[in-house]
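What follows is a set of structures to go through.
In the two complexes that follow, chain A is the common piece, with chain B as its partner first and chain C second.
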Partner chain A sequence: MYETVVGIEVHVELKSNSKVFSHSQNEYSTEPNLYVNEIDLGYPGVLPVLNKKVIEMALQASLALNCKINKVMHFDRKNYFYPDLPKGYQITEQDTPIGYDGYIDIGDKKIGIERLHIEEDTCKSIHGKRGTMLDANRAGVPLIEIVSKPDMRSPEDAVKYLTKLREILLYLGISDVKIEEGSMRCDCNVSIHKPGTPLGTKIEIKNIGSINNVGEAIKYEIKRQSEILDNGDKIEHEETRRLDDKTMTTILMRVKETGNDYRYFPEPDIPYVELSDDWINDVKANMPVFADELKEKYKNLGINDNNIKTIIGRLDLCQFLESVIDSVDPVTASNLLTGDILSYLNKNYVSINKIKLNKDNFSELVNDITGGKISSKQAKELVPYLIENGGSVKDAVDTLGLNEITDTNALNDIVKRVLDSNPESIKDYNDGKDRAIKYLMGQIMKETGGKANPAIASQILMSLIKDYKL
Partner chain B sequence: MSKYLDLSIKEINELLKNKTIKPLDLVNEAFERIESSNLNAFITLNKEEALKEAKELENKEIDNILFGIPVAIKDNIVTKGLRTTAASHILDDFDPIYDAEVVRKIKDSHMIIIGKTNMDEFAMGSTGETSYFGNTLNPWDNTMVPGGSSSGSAAAVSARLVPIALGTDTGGSIRQPSSFCGTVGLKPTYGRVSRYGLIAFASSLDQIGPITRNVIDNALMLNVIAGRDDKDLTSSYEDVTDYTSLIGKDIKNLKIAVPDFYMSDAIDKEVRNKVTNIIDMLKKAGCTVHSISMKYVENAIPLYQVIALGEASSNLARYDGVKYGYVTSEYKDIEQLYKMTRYEGFGREVKRRLMIGSYILSGKNADKYYRKALIVRKKLTDEFKDVLSKYDLIIGPTNTDSAYPLGTKQDDALKSFYDDLLTIPVNMAGLPAMSLPIGFKNGMPVGMHIIGNYFKEEVIYQLASYIEKELNLNLDPRGDK
Partner chain C sequence: MLSKEEIDHVAELARLHVDDSEYELYGKQLYDILSEIEKIESVDVEGETKIMISPCTNINEYSNDSIGPMLSKEDILKNVKHSNGDYIVVPTVINE
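Take a look at the complex of A and B:
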């Protein structure tokens, strides 16, 4: 039997406001070359600036992946010619990655992180009828590259690793980590060998379109490489392959050239960056809570597993819950969020931040439910109303007329209770004193907090008082 | 023909203020002089725009001493809408979309940009002869090199075509041509002047500085261009001072070092004698002058070849025919587009240096050469720091000799680097330094080198102004006016 060895390189676009080495907006656009200045285009004479926010985001990611930090780091130039590379070099961190030697816990084991470094993205090449055109919107978009150690031994390991990595980055809020939109890109190195023998020849599979497909690609590679070895052949050269997601097979793109010479040297236009302990601690203190901690917390608060899973899977819901969790009953809140609210969000493709139900009226609603002021039946009516119209729960209740008790059975009970405790008034009534009715109505209103429908209540009162036996 | 441009900046400013002349008079005079000059000092003239600006200035208040003064800009500093070529075929139709920071500051001071000066291609050369637009002539003797790479800037100022020009200095490119042309050229401290918009040759060495006819004009110009620029991360936060503040001040307490390397047999004897005379003069004036020895300065040329050429090979990678500049006419694929564009677009000296630079950074060579060079550079820098902790200034000759005939060193790639034997160490350490005319050898100017401590340009000006006043040289190459 062969042992599989997998290492993964992930490029992640950071969602900073501006690009990493210029003040151009970091924004996706279908219109090409909209967010571009002379620096992004590599014009003669330009110099890079350095986006501090990007360093902080990369530092957050490094800390979240348990990396050691290079407290004095510099940038390097990676020199090569390619049309999508305006300066003829990419600014990256070859010598001093901001983070190194970390790990991700995937449950049953830890996967090592070799390094995490900051670099700039290239232009996007668009191949069309007029030849290849360049879109520089992407040029200079900040990336972090996360290189794992070759610690994964199966497709399952790889899928778990990527799922976990994605979740961590998502919760840091530093990237959209959408593989399908290219904000997270996975390249995967796969080799197989017999335990106790030297490692096999690495095959790289580039730009795989989803986390599950990474698993599929590795599965196929294990099969393909095993067949070669079983035939007594060798895997002679390192290759770059791609996954064809229709057939779920990998296809050769090119045999890797040996000795790729990028002529790295320290970027002379950017002075060394010192990450002081104060700065690191500051970034650490402002890091969001991670999914694992939140899961644990929600469990302890009594939220059920299904709800936890749903909420953790939707960052907006999770952040919303976090913003109210100290002032409401968490179980009721989670039920509401994962019920009608989530249905609405899903149906309308919106995030919870884009609707009129907010922290304030949501808290009011939850507290009214737990305080017994609002029934779950009323809540069902209130939720869509609040989502569409906003405002306070109190106003919504008024507008929807939910504050009147019209239920005759309920009112019957209340009226009976009032009569039972006011024999004097019944006596007065029997004596022909009209103000007794007025008084009793007042008592009914008092009992219902003013919510009893006066007409119905009065009707019931009149019919009950007539036959009331003192 | 008027002769306002023979006057000092201060005198011109007086005439402007009392309305004897208008900026337009200065601009007209500059173009008359340039158009009747045979020096090939300019690549592109900014005539139409300059005349327009001069007229516009008539309605503006004279708010600073450089108001309305014509200035020439070396053609590796980008000027929005004004062709900027770096004297290369590969950029010979390049029209920048933005202004360099120094150009922005010049425009803010209402100085008038007359044109872009000739230079060695991408500032690679020390004779002006590698320019795609032909070499510049030395105003003192048209058979002699003007020096380089700021050949046009030095020649234009020397010949009184413009009172002030900007040069750039990577290994001596302001000081050496200043020395050969008899002008005052200052390379400021690395980081004193923003490099934003300077077409990079070697990023860790390049610096923009003024070339003028006299010391005070030079200091006035540095006042305009110095200062932190957030667009250049290597520019310094160090406070800017008035660089004229020590001019004319007593020099008797200055402590001055003369490294023996700067007075060795490698330097022409007559040049050394001139410097020795100055040393005697300074001693008489009460300066302390000591001969010292420095261990690492002799490594400067190999250091330069490794660091400058390594960086250049990367800085010039962007000229690939894809985005701007020259593109070859026929190619069948991207590989050929690159190769032919660069083969046809760059001159011989540039290609030679790019090849050496690429080799130096290749594979294991990066450790063998580049990283080792950085270590030696640090040692050299520390040695300078040590000397300057004991002395205010270091002096010596700017060059090994005065200007030599055109065509002499073109085919000897190594020899031309030796012109910069004494200037390169200063770039390696990032120090400020000036070349000041101190006399003539066979009718050609000889320059003295004054090296200062970091961000202490005003002390250089202090000493230079004293020597200038004492010598009172006639530095006008036109002979009898």
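Take a look at the complex of A and C:
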């Protein structure tokens, strides 16, 4: 049998306000060439100025991935002719990646991180018959490239690695990490060999559209490469292939030529970047809490595993829960969030920050439920109302006519009235027929338009029915 | 001197055409440049923590993640040879 060796390169777009070397807005737009200035277009005489925020985001990522830090960095020019790069070179960190020699713990083992470096994204190009069309909105968007060590041995390892990496970057809040939208891009290197023999020839699979498809692409490559070797043939050349997600097979893009000739040299326009210990410690001190810590915390608070999984998978829900967790019952809050609220968000493709249910009315709602002021049935009516209209729970209860009758005197009168007009049921109750109580409760609810507090009403009913003289 | 193949390779990377009459000139110029680089490479920098990579010793200045003026699409497209709608158009390149 063959042993599989997988290494993965991931490019992640950082969500700073401005681009990495210019003041242009860093924003996705379907309108081409909207967020562009002279630096992004590589006009003669322009100078790149490094965005401090990008350094800090890359530093956060390096620390989160347990990397060592290059405290003195410089940038390099990677020279190549391609129209997606108007300058004729990409500014990157070839010699001094900000982070190196880190790892990600995927549960049963650690996957090494070779390096993490900062670079600029290129123009988006659309190839047509009459020419290649360029959109420079993406030119100069900050990227971090994260290169793993060839430590993965199976498609499962690769999927675990990418899932974990994505979760870490998501919780750092430095990227949207959406593979479907291109803010996270994965290239895999796959080779197979017989244990004890030298490593096999590497095949690169580029730009795979989802984490699961990375697993599928590797599965297919193992099968394809095994068949070649089983036939007594050799994998002669390194190749670049892509996954065809209809057939779940990989298709040859090009045979790699011997070593790309990028003629790297230090970028003379950007002086040394020195990361002082104070700066690094400052970034460390402001690191957000990670998913693993939150999972542990939620477990200790008694939130069930399903809810934890759902909440951790949606950063907006998780951050929302975090913002209220100290002032509400966490279990009730998590049930509400993962129930009707999440259904609404999914159905309408919105984030929880974009709806009118907010920290204040959500906390009020949870506390009213745990305090017995609002029944779960009423909450079901209140949630969609608050999402659409906002405002306080108290006002919503009034508007929706959900006021519960908790006044014992008022309920006393109502229960008496119900008993007076239902002598049959009292007789049934005295004969030991339990369903009489159910019926009478129903009558009380009917009388009050469903507003009687069920707990109080049933208590009054039980005490009155015992002494009722027919 | 550099071989004809080496000169062709460098010219290809820079998308330059070299006439037969120019090989000797470029061969000598490139050789001179490489000789200078060899001299630099021969400097003993063992134990030196700060190797100069930048022609200046200035401390880096950063920008503060603020958004500044951008170009109008009219201005962008004024400077390009061909455009299509809001896109800049360049000769077709086949990547795959």
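The rule is short, and it goes like this: the second predicted complex is superposed on the first by the 403 of 470 C-alpha atoms of A that agree within 3 Å, B and C clash if a C-alpha of one lies under 4 Å from a C-alpha of the other, contacts with A are read in each partner's own complex, and residues count from 1 in each chain.
As a working rule, contacts are C-beta pairs under 8 Å (C-beta built on N, C-alpha and C of every residue); 3 or more make two chains touch, one makes a residue touch a chain.
Quantities reported herein were computed from a predicted structural model and do not represent experimental measurements.
In the superposition on chain A, A:K347 makes contact with neither chain B nor chain C. In the superposition on chain A, contact of A:R263 is made with both chain B and chain C. Residue contacts after overlaying the shared chain place A:K377 against neither chain B nor chain C. Once the two complexes are overlaid on the shared chain, A:P32 sits against chain C while remaining clear of chain B. Contact with neither chain B nor chain C is seen for A:K469 once the two complexes are overlaid on the shared chain. Considering which of chain B and chain C touches more of chain A, the answer is C. In the superposition on chain A, contact is made by A:G42 with chain B only, not with chain C. Of the two partner chains placed around the shared chain by superposition, chain B is the only one that A:Y89 touches, whereas chain C remains out of contact.
When the two complexes are overlaid on their common chain A, residue A:E274 makes contact with chain C while staying clear of chain B. When the shared chain is aligned, chain C comes close enough to touch A:G128, but chain B does not. Shared contact residues of chain A with chain B and chain C: 38, 41, 43, 49-50, 79, 81, 83, 134, 261, 263, 266, 268, 270-271. Per the touch definition, chain A reaches chain C in the complex via residues 16-18, 22-25, 31-38, 41, 43, 49-55, 72, 74, 79, 81-83, 95, 125-136, 253-254, 261, 263, 266, 268, 270-274.
If you check the complex, the residues on chain A that touch chain B are 38, 41-50, 77, 79, 81, 83, 86-89, 134, 259, 261, 263-266, 268-271. Listed in rising order, the residues of chain C touching chain A in the complex are 9, 13-15, 49-50, 53-71, 73, 76-77, 79, 82, 84-96. Only residues 77-78, 84, 86, 91, 94, 96-98, 100, 195-200, 202-204, 230-234, 310-311, 313-314, 316-320, 322-324, 334, 338, 358, 361-363, 366, 370, 374 of chain B touch chain A when the two sit together in their complex.
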